[in-house]
Amino acid sequence: MRHDGRLQNQLRPIRVERPFATAAPGSVLIHAGNTSVLCTASIDDSVPPWKMKQDPPTGWVTAEYNMLPGSTSPRKNRERSGKVDGRSQEIQRLIGRSLRAAVDTAALGPRTITIDCDVIRADGGTRTLSITGGFIALVDAVNSLKPAGVDPKKVLIASIAAVSVGVHQGVAVLDLDYPEDSRAEVDMNVVMTGEGRFVEVQGSAEKGTFSPEQLQAQLALAIDGVRQLSQVQREILGKDWPF
Amino acid sequence: MRHDGRLQNQLRPIRVERPFATAAPGSVLIHAGNTSVLCTASIDDSVPPWKMKQDPPTGWVTAEYNMLPGSTSPRKNRERSGKVDGRSQEIQRLIGRSLRAAVDTAALGPRTITIDCDVIRADGGTRTLSITGGFIALVDAVNSLKPAGVDPKKVLIASIAAVSVGVHQGVAVLDLDYPEDSRAEVDMNVVMTGEGRFVEVQGSAEKGTFSPEQLQAQLALAIDGVRQLSQVQREILGKDWPF
Amino acid sequence: MRHDGRLQNQLRPIRVERPFATAAPGSVLIHAGNTSVLCTASIDDSVPPWKMKQDPPTGWVTAEYNMLPGSTSPRKNRERSGKVDGRSQEIQRLIGRSLRAAVDTAALGPRTITIDCDVIRADGGTRTLSITGGFIALVDAVNSLKPAGVDPKKVLIASIAAVSVGVHQGVAVLDLDYPEDSRAEVDMNVVMTGEGRFVEVQGSAEKGTFSPEQLQAQLALAIDGVRQLSQVQREILGKDWPF
Amino acid sequence: MRHDGRLQNQLRPIRVERPFATAAPGSVLIHAGNTSVLCTASIDDSVPPWKMKQDPPTGWVTAEYNMLPGSTSPRKNRERSGKVDGRSQEIQRLIGRSLRAAVDTAALGPRTITIDCDVIRADGGTRTLSITGGFIALVDAVNSLKPAGVDPKKVLIASIAAVSVGVHQGVAVLDLDYPEDSRAEVDMNVVMTGEGRFVEVQGSAEKGTFSPEQLQAQLALAIDGVRQLSQVQREILGKDWPF
Amino acid sequence: MRHDGRLQNQLRPIRVERPFATAAPGSVLIHAGNTSVLCTASIDDSVPPWKMKQDPPTGWVTAEYNMLPGSTSPRKNRERSGKVDGRSQEIQRLIGRSLRAAVDTAALGPRTITIDCDVIRADGGTRTLSITGGFIALVDAVNSLKPAGVDPKKVLIASIAAVSVGVHQGVAVLDLDYPEDSRAEVDMNVVMTGEGRFVEVQGSAEKGTFSPEQLQAQLALAIDGVRQLSQVQREILGKDWPF
Amino acid sequence: MRHDGRLQNQLRPIRVERPFATAAPGSVLIHAGNTSVLCTASIDDSVPPWKMKQDPPTGWVTAEYNMLPGSTSPRKNRERSGKVDGRSQEIQRLIGRSLRAAVDTAALGPRTITIDCDVIRADGGTRTLSITGGFIALVDAVNSLKPAGVDPKKVLIASIAAVSVGVHQGVAVLDLDYPEDSRAEVDMNVVMTGEGRFVEVQGSAEKGTFSPEQLQAQLALAIDGVRQLSQVQREILGKDWPF
C-alpha cells in the first residue's frame, strides 16, 4: 500500500480545465492529484531560420517549461538571470521532442507551434503531465487552423502521453508523487503513443543502481499507465479527437 | 458610451478565485473583465542583506511581475535572456512600493513576503489589478503567520487598491481595457488606500500632452474607482479583513 | 526656511556650459546647484527596425541615463554587468518619453536622435535636470540638420522642462536637493511644456501616504517651477530658440 | 554489414594515452575510432555549500563537458556567451550522475573531484566515451589520495562504463559513429556497472517511434558492449584497478 | 611637418581643470589638444578579498576606462551588455598597472583607490592621457587622506606619466592625434616614471612590421615626451607635488 | 645558472606533434618544456560583416585562446559565465594581430582562418608558444587551400614566432618557465618575423620599474630567441615551408 492509498499500478486522478483563460488557441489547466500545469499552445506564422532552408519549408513544434515561483515551497526563484537551469532545459527539450512525434511537420506547413508549460503547483510528475496536457493543447491549436486550410487528420499522426515510474522501497510503482519521488531509488519517464510505441525512455538510478529485472518491471507499468492516459485524452477531446 | 457598453466611470466586473491551486500561503486568481492575474504571496524567514544592518531587523515586502507567454497574442517571449525588460521592472517596482504602504515592517518582523504577479490573460490594467489582487494575497499570507505570534492588525496598516484612468477621444474614462488603452491620449495609474489617501500617481501623455483640467478629471474618476475596489476587497476577505 | 536658505517655491540656480567639449552636434553641461549633468544629442541616419515598417518611416528620439562612478559618494559601480538597474531604466524611459513630446517625428524624417545624460555630480533632481538640459541639446542637434533640409520650426513642436516637488516635514517644496529628497515624505517629478500642459506626472509616497490637498499643493509648485525653467531655456538658446 | 565493416555488435577499437600531459592527478586521452576525448580529474579540498550542511560533510563528484572548436567541421563556436547550450548541459549532468554511482562520497571525505571531458575529435559517441574514459581518470585521482589516508577500495564501489546503441535502417547496432548516428531512427545511451547493473538508460526516437521489441534488442547489445568496455578499463588500469 | 603643424617631437598642449565638479576626492578634467578625459579618484575603506589574506592587508589601486557615447562620432554604444569589450579591458588593466607603480600599497593601508577615466572627447591618445591625468587625481586622493594619518610622501613613490609614439609615413612621431593614429604603421604606448625608468612598453605593428632602428627612434621620442609631461604634472600640482 | 640548469639565453626544448587528432585542416600539439598548447586552424568561407564592405572582400585571420581546466593546479574554471576574462582577451587579441602579420589577406580571398589555442598544460610562456605553434597550423591550413586555387607563396608573406624574456633577480633571461615568471621583476613578450623585424613588443614591470639598459638587454635576448624558433619552425614544416 502506498502512502496515499494507491495501488502499485494506479494513476492519480486527472482533471482538465479546457479551455483555460488565456489568449492562446490551445490552453488547458491539467491536474494530476496536486500537480497542476497550465499548457498553452501558440501559433506563429514563421519558422526558425534553419527551417527556412528547406524547400518547401516545413513546420516546427517546440516547448518551454517553467515552474512559477509559488508552485513549490520554499518559493522558487524565477529564471531571469540569463541562465535557464540545466533541469528546465532538459525538461523542455524532452517535451518538445515528444510532441514533435505527434506531428507531420510537412502537413503543418511553415508555422511554429510553441507549447508553454507553466507549473502552477508541483507535487511530482510535472514533466510527464506537461506532455500529456501539452498534447491536448496541441490538438486544439491544430484544430484552430482548419479555416486556414489545414487538415488536422494529416497533421496529427499519433497521440502522445507520458508517465513516470520508479522503484520505491524496492518495488516498482506508477506515477510517483513528490514524497515518493524524493525517496525513490530509480526514476524513469516514459513517453509513448496511444498505439503503444515508444518515443522516449529515460531512467536514472538516483541511489545505487538497478537490475535488468527492475527495468522490465517499470517498463510494464509505464506501458499500462500511458494506455490509461491516452484513454483520458480521448474522452476529454471528445469530438475534437483527431484520429 | 464606451465600446463595451460601460459608462465613463464604470469598472469592469471583478471576480476572485481564492485560494487558487498553489503551494503559497496566499494565492488568488483575480479577473477584471478579460484580464486575469495569478497573485501569490510567499514568506521567507530572512530579509535582504541591507535590512540585516538594522537593529532589530525589520521585514520586507517585494513583488515580481511577469506576463506568461500565452497571456497575449502574438505570444510574448519569456524574459530569460538575463535582461528583465524595462516595462516589467517598472511595474514590479510599482507593485512592491504600493504594497509596502500596507505594512508596518517592524511589526512584520525579520521576514520577506514576495508577491508574485503572473499575468494569465492581458486585456489592459494588469499592473493595477496585480496591486488590487496582490493586497488580498498579502492579507492571507500575513494571517497565516498568526501561529508564529504575528498580529495581523498590527502588521497591516492600510488597505491598498489601484486603478487605471485615461483620456480616450478627449474624455476621461475609468479602468481602460486594451482596445481603449492602446488608443488613449493619456494613461494614468493611481494607487490609493481604502481611506482615500494617495500612494502613487503616474500619468503619461501617450500622444501629445494634457491640460490641468484633464488631470483633475482623471483624478476624480480614480478616487471613485479605488473606493469601489476597496469595497470589493473587503467583501472577498470577509472575516479575514484585518481592520 | 529650507536648510540652504531657499524659499518653499525657489529653484536652485541654473548654469549651462554650451557647447561642452564633445564630438556630438548637441552638448551641454547643465548645473542646478551641485547637480551637474552632461547632456549630449547624437544623430544617426537610421531608425529602429519597428520604425522601418512605417511608410514613410518617421524619426525617433530616445535617451540613455547614467551616473558616472565619481558622481556620488561612496563611488557608484558602473552598470557593466549586463543588467541596467531598474532605477536607471525607469529614468531613461521617462527622459525619452518626455523629449519625444517635443518632436514631430514625421518632420524629423528617418533619423534617430539619442540624448545621453551622464550625471557628473548628483545632488538630487538628476532626472528632471536631464530633461531640462536634454531639451537644449535636442534643439542644438535639430538645428544642426538645417543643411540637410530639416526645418527646426516644424520638427520642434513644444519646449519641454521638468522639475521635482515633494513634501518635506509636512510642507510642499520645489526642486529638492539630496538632503531634502532623502528625507521627503512624498517625491514627485513633473514634466511640462513651456505652454503649461502636462507630459508626465509621477508621484510616490516614500513614507506613508499623502492627501489630495498635498497632491494639489505640489502640482501648483511644479507648474510655477517649470514656467521659470522654460524661461531659462529660452534665454540660453537665444536666437536658436525654435518657436 | 556496416559502412565501416563492423558487425552489428562490434565496438570501435579503444586506445588510451595515460597519463596525458596535464597538471591534473587523473588525465587520459581516450580514443574510440575517430572520437577522442581528453578526460582530466582534478581534486579540490572543498565541497559545494549545500554539502557543507551535512554532518560530517561528504564529498562530491561533478563533471563538465565541452567540445573544442576544432573537434568538428565546420568549427564549433566556444560556449562563452554565458549560455551553456542545452545539449552540453544535459551531457555533463549525465556524466556527473553516472560517475557518482562509482563513488561512496562519505568515504571520499569533504573533497570535490571534477571530471573535465574536452572533446578533441567528435565522430559519434562522445558522451559515452567521456564516461568510460572519465572513470579511468577518476580512479587515478582517487588513487592519488592514498598519501592523504584515503582508501580507494572504500571510495570506489563500482566500475562504470557506457555505450551507445541505436536502430539504423531497421537494425539494432552497437557503438554508432557519426555517419550512423546522424541517420539512426533511435538513439540510446546506456550506462552500466562492470557487474551488469544499470545506472542510466536514455533512448529517444529521432524519427518516428520504436517498438517494444526494438527496445529489447538495443538493451541486449548495450549489456554486451558495456561488458567488453569494462574489460578494457580493467586491462588499462592493471594493478591500479581498485576492486 | 605634421598635419597640424607640430614638430616630430612636439606634444599637443595640455590643459587641466582641477578640481572638476564631482563628489570624488580627486577629480581632474584633462585636455591634450582635442582629447579630453575626466579622471576621478575615489577611496573605499576596503580591499579585494584576495588582499584580505595578507597580514597586514595592504592597499590596492585599480582603474576603469570608459568612452562616453558622445565622445566620438558616430556615437559609441555604452558597454551595458555585460561584455566589456576587449579594447576597454586592455586599457583599464594598463592604467591600473601603471598607477600601481606610483604607490607603496603597504603605506596606503587597507584601502582601495579607484581611478575612473571617462573619455569626454576622443582624438587619439586617450589611454596615455588617462594615465597622465589619473596620476594627478591619485595624488589629490592620497593627499586627502592626511587627516586619517596617511603620509603621502610614503605612499607615493614615483610620479607616472605616459605618451604615445608611432611611425607615420616612415617617420617616428610623438603624441599622435586621431588622424595620425589611424594611418600610422606602428603604434606604441610608453609609461615611465618622472625619473626616466620604464613601467610599460607596448608597441604594435598596425600595418606590416618595424625594424630595430624604428623601435629605437620611437623609444627616444617617448623618453623625451614623458619628461615634458612630468614637468607639466609638477607645475599643476604645485605645492601638492608629493616628492 | 637558472633553476632548471639552462643558460641565460637558452630556450626550453621544443617538440611538435603534427598533425594532431582533430578535424581541422591545421592542427599541432606543441610543447616547450612542460608547456603544451593545442593549436588548430579552421577555415570558414565567409568573412566578418565589416569585411564584406570592402570590394573585393579580403580575408581575415583571428585567434581564440583558452586554458583547459586541467592545465593548471588548482583547476581553472571555464570561461562560461559570459565574461571572457581580461587576460584571455588580451592574449587572443595579441595572437590574432601577430598571425595577421604573416598573411596577405587580399591573396587569401574572402575566407576566415581561426586559430584556436587551447592550453593543455601551463608552465609559463603559453601566449608566445601559441603564436609559434599557431603559425605552423596556419601554414598547414593555407596549404590545404591549394586545390581551391590559393597560392600559399602569395598568401604567406612572413614567418612569425614569439618568445618571452624577463628580468629575474636582476638578470635578463630568455623563455621563462612558471617558477621564473612568477618571481620576475619584468616580463616581456616579443613577436618577430623570421627576418628579424618586430611585430609586437609588450613589456611590463611586475615589481617596481626597469631601466633603459634592462630594456635593451631583454630585446637582444628576444631577437636571438626568435631566430632559433624560426629555425625550428622551418625544420618542422620541411617541404611545406612556404618561402
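A, B, C, D, E and F label the chains in the order they appear, each numbered from 1.
Going forward, contacts are C-beta pairs under 8 Å (C-beta built on N, C-alpha and C of every residue); 3 or more make two chains touch, one makes a residue touch a chain.
Which protein is which chain? UniProt says A, B, C, D, E, F = Ribonuclease PH.
Quantities reported herein were computed from a predicted structural model and do not represent experimental measurements.
Homomeric contact chain B/chain C is classed as same-residue, with over half of its interface positions used by both copies.
Chain centres here are Cα averages; for chain E and chain F they lie 29 Å apart. Centre-to-centre separation of chain B and chain D, using mean CA positions: 51 Å. Centre to centre, using the average C-alpha position, chain D and chain F are separated by 33 Å.
For this pair, chain C with chain D, the centres built from the Cα atoms lie 60 Å apart.
Residue positions of chain A touching 2 or more other chains, listed in rising order: 82-84. Arrangement of the chains shown, judged by which pairs touch: one closed cycle in which each chain has exactly two touching partners. Each chain touches its two ring neighbours, and walking from chain D in the direction of chain F yields D, F, E, C, B, A. Taken together, the chain A residues at the contact with chain D in this complex read 82-84, 86, 89-90, 93, 97, 101, 158, 188, 192-193, 196-205, 208-212, 214-215, 219, 223. By the touch criterion stated above, chain A contacts chain B in their complex at residues 20-24, 27, 31, 34, 36, 38, 40-42, 44, 64, 66, 68-75, 78-84, 114, 116, 118, 120-122.
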